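Labels run A, B, C, D, E and F following the written order; every chain starts at residue 1.
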């Protein structure tokens, strides 16, 4: 078993390896001045069971292409089996054709991985369970919900409610609510006039006086959360939290969230959170033990299913 | 252009052809006494643009295999392009791995179709938009929501609300609500104790005094609808309707729904509804014009996107 | 090594496992009320060498789709190698394009199996040896002729002759005759007038006073056998037997054969023969030891070739 | 439409083109002194419907590789569709695994053709109909039986019988007999002792006093025919003919057949018969009109099925 | 025919379209704040013959992924044929495994393009002709040598010599020399000591008193050119020029070349040369007419071969 | 581990096996009188790691097809992994499209091998490094340069220079020169007038008074070498040698080289050199130890990279 980490995921790879009492595989990965990525695997992987950990974070396309190139190098170096470990799946939200003549990039990524030579995939908290069906190779879809749920259980909030920030998130928010044994509500969003602009218009469900835990798979620009927070305050919640697996935190997200009055924002390290994006009310939990256990089980042929739920 | 219909979809195929002022292609399709399906296409399709209409209804596997065999016959008979028109997609609900060691049959079906020789797919109201990504061939995902919405708009209900019968249906129910310009609510469902049994536990959102339109992509055994209906009545709705695209109506569904006190159940003919399954408060709208227009546009190379929304 | 049996082949799977001193793998396989097949493998198969036994018998398409779904589930559950054991190959007689615009379903089935994830195939007595060439994966084509031959050798018939019931069966009947060291004859069949109807017209070869053993790969409706029997009697055979591997016995077969005056009908259990289809002159021999030995050899990497002949 | 001929089939290609009032496409095809085949297509085929005629005759592998190279050149030159016209299919008799650890070369050839870029196949009188199932691309399987039958009908033989020279040939001989409306018989062949040697042992069916027409798909070394002829004479036939589509005529064939006393040997030009292999009692009929008509129909999209029978 | 340009190639696409008197296809292409690329084709391409022009320039991976996503969108929007026009091929120099455990990224790119749905490729001046063999789809490999040669012919230099800056470039430099009808020389490079460092060590061939035209497929960092220039001056050339197709000009290239005393640097616009990278002695010739003519010929089915040489 | 040799490579296979203290695998390989190749593997290879050694030498196509058939037989006999060891790669020089409408046969061969079932490739001294990129399976590209260099080092020539016989060979000649630590020169070749004829026109670099070692990957007809030798003599070299890996030696090669006055011609046994092609100044070195070591490392999973350089 050998574990290589892409440059987007150095820290997490080290943590995973440390959970498994091993060292990351050695590889030279850099860019030439012409912006071409170069990869050289520095140790023999002939007939080895190889795992490549690479998450999706900016520069997103570089991380993806780097992963594909690493896999090509490993395949041509005769690795026996190559498992791509994708803590945050690239282009996960481009998973359907909801407008004419748009791509389904998440499926394209699945095909590109297979073309490069990936034999199996391990990933965490996809936006939709159906994305597993994009792969023809076996895929293990882990969830970090239990990591997040443990944190909130420990708080012993008096009257918590899980709130989905938009209708599309209700399903997974409800699962999180069920895990905590608390009610669920959601924020409705509608198109404004004839335009494409979408706006939060109502909270559906009872939240007044509660501790609202906004829950989603990822937080990107923070816009939905901010809109939801405004409506929740109108409905006089007692306090508001934000919990999600993937801390994309792009654009104005940090500024918005840090200044929002949210009691706490709880995320995981599937996407690296650099110091510049951290603030006092941000808690980053690690998925390294979860991924390490998955890798161990895949390698030894044990059942991974216990990590699905 | 030639349109062939599988035996599961004779009536709908005739309606589609009639919209297009054409006749269904002639084919011998029958079962030998050994239960093997036989297909013989009775007219030359060499270099033709062929559409095969086949829906999924019991016996489900026969309908699927018959479709695959028809496509093989058409491919070997040198059809130029074969489009599978699937009003109700086979195994649509087996679209994710939500338990260990289960199949993703909806993806398998997509691969089987491609293997048999299908060049493109037209289908209606998949359970999840992501299923489009299961195909590597172009797929047109139509919706019958406008067909259903037209029916309800004509009713001019005074205070309608769209209700999703479970958390997983909120997203599409909300789209239907937006189309009608009315609010949305949903029914929460939870596991009972440590068992796998799931039970409707609460209505999330305001429904009292409203005309509730339960909305889902399909109605199968009617259990969710019945549970939802019970809770809605506790919440004192004024009236309750059920609207959905696919009238699977299996097991006790008809008995349950006919005796439920629902003001009206509105479905389409993506799945054939035989006389024995009809009752006075059931309305069956036809998707034939929708599918005919899609076929026409695919054949002539016009944009199908207007039919997506 | 794990052996799973489809629902079409429960009894045979148990017999095979018993020969190998093992238990069938545990799996939940059932139909929902909407007629969709569901499969859940109940034990880990990660990195295992898995065999799935499924024969083709009515409902034929359900058995086939169930097999494909089982394979998909096993593949996604990371089985190392999946061998489909097909005692009676689905759609084996649809193996050529002898009319315009018909499918070659036996080839289609081979491709569907590969698409689902089958890595190798074990099957018994195909109608034509060439069908092995339909597979791109390795295929072991076993024969049950020796099982049948042993039975007839033990009879010590005084003057046996093997008779092929139609010209297409001569090749395999001759092989059986050679195995028994006895002469061979066949029944000629011709089109009647300009129609598609085909009728047995003559016995080619000497059969008078002999014990005729009608031999074919399978007995389906029994029509060919009955026609052949009529001609054999005209030619004054001493007695007539019927021997074949696959007891399809569809439609009027049992009634015809039981009332035919055949001294004995000898088949194997590649296709299950339920009590209702059995009569006093029917002998069912088991291929379980043959298949068990093949599975054992495939698993341990020993040569299977000794089982071919 | 453009028709290119491989070097193995120059004369037949010219005849086909002449039937279609066109000229063969121009191409440089030669061997370098290092024995490497070189192909250069001398006219643009961009977006054309291209047919490549190449039969299998010694040197067999050169003819096959030349065909594959021509197809690669045509594909890279952007031909729209490439149809391989194979009057005598390469390695047609290596169509099954009748011994352990042997190839199925006829299937391999089908896959090689597809890999090189062949989009469809036209061929004549395969040894077994099932070989059509080796192709995943559409394949038209023509028969030259009518060409041969016309010749024999014109003879008005008083008491003809068609004789298959071995048990495996009965099926196709019977079809030929049916076409002529005459009886059929066959020659049984058995293993001698425990060896692999096989010997003709008996004529099954009545032939005494008849004009026997030995019929097979091909005549190779002539051994089977000679053995059959010996037995037929013992059975006192009135005269003996040999009819077959493919005149392989390898090794001692010509010497044997010319000196055999056969009244006439009738073959076609699917395999070129050079002057050195001709003798006075050999008649070579041409399949050029048959292939030309097939090519015309494939190109214009008409049904080819009329040429199957 | 529709021509879409990626964001890396806006200007060149406009020039190409202008040569063809057409407009670039309309598409929304942008990055979300999470750095994910989004593409929406704004006009129907159903059944159209589509060309996507995208060169490789920094950010290289974004340009590549954007191209793949555009192709996926076009494929799912049912374009009839998609041709990728790649003026400078991505990762062209990563075309061999010259060290252990490195990728062959140029082949990987060819496979990724095919996976996304590219049906054919047009590209210019690959580093090695063999890269054409990386594609299984038809590929047209154009050369801009004639564009460059025309420029130098017009100069009427009295005693020109073409100089390859390293041994690997001799082959293509010699072709350019032959085109101009002038001699060729090259700069030898050797490893320094046991290190991986490589240094220009000698000019092989006569250059004294000549006008040396350094020629290569691309100029990247300018290091080879600078080293070569130093040696040429030691050998007392009369003047030195640099000519190459692809103006990669990365890192210190512009500074080096602008200050080098080269009489002129002549490149093309296969890679965009922004104003900041231009200086007075840089001449940029356009390949737009060449690419436009290739596109026109591909679309109309005319021979492209005249543009190869 | 089992090693099978094709008929083109019997002697080399024996040498390789002897280096590995093993015996070649037993197989029946012969041609029927109809010129069809037949292969039967005579020992079980089920689940074995199999190597097939086959070089390209006349009859080239027979050797290639024989290899493909062997691989098919091994695959169907369930070998676990099949490595093709190709000392001289078939059609290696047909590696680019340097004229319109020609094939890229070297790529075609790579695809044919993969289609037949080859899992990996080992080869020696390809004409261009890029050909490695033709394979999607892992390929090990060994070099025999060190075998040749050892021979020349031992000679201790006083003033050696390596000379490439044409511009395309400079790159690899320079590598050989670097290995020996000596200078490099090359022979320029130009088209004569407007014709396609190419003629050596000049020696570029200093050779007067030196011991010139003409170096190329292969020697075919010897024409380039003869032309080069003439120019070298005009330039008054002290002596001339010829060194190359692949001794194709076709057409007039032996006569030319033996009578040329070359001091020595040094080749390897990648292509068999029969006694009739040997003369006193020809030295044949063996690559068997190199290939044996590569096979050993591939089998045990050790790094092969040390053999690349």
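Here is the rule we use: a contact is a pair of C-beta atoms (placed from the backbone, for glycine too) under 8 Å apart; a residue touches a chain by one contact, two chains touch by 3 or more.
Computed from a prediction, not measured in an experiment: that's the story for all the values here.
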_Return the chains shared as contacts by chain D and chain E, ordered by label._
B, F
*What is the distance, in whole Å, between the centres of chain E and chain F, each centre taken as the mean of its C-alpha atoms?*
32
*Per the centroid of Cα atoms for each chain, what is the distance between chain A and chain E, given in Å?*
38
*Please compute the C-alpha centroid of chain B, do the same for chain E, then give the distance between them in whole Å.*
51
*Any chance you could list the residues of chain A touching two or more other chains?*
44, 76-77, 97, 99-101, 104, 107, 111, 139, 303-305
_All touching chain pairs, where touch follows the definition stated at the start_ = A-B, A-C, A-E, A-F, B-C, B-D, B-E, C-D, C-F, D-E, D-F, E-F
*Would you pull the chain E residues touching chain F in the complex into a rising list?*
95-101, 104, 106-107, 111, 128-134, 136, 139, 141, 167-168, 170-171, 174, 178, 183-186, 188, 190-191, 202, 204-206, 303-305, 308
_Under the stated contact criterion, what part of chain C meets chain F in this complex?_
120, 138-139, 297-298, 301-305
_In the complex, chain E residues that touch chain A_ = 32-42, 44-45, 57-62, 64-66, 68-70, 72-74, 76-77, 91, 93-94, 97, 99-105, 107-108, 111-112, 114-116, 220-221, 248, 250-251
*Of chain A, residues touching chain F in the complex*: 44, 46-48, 75-78
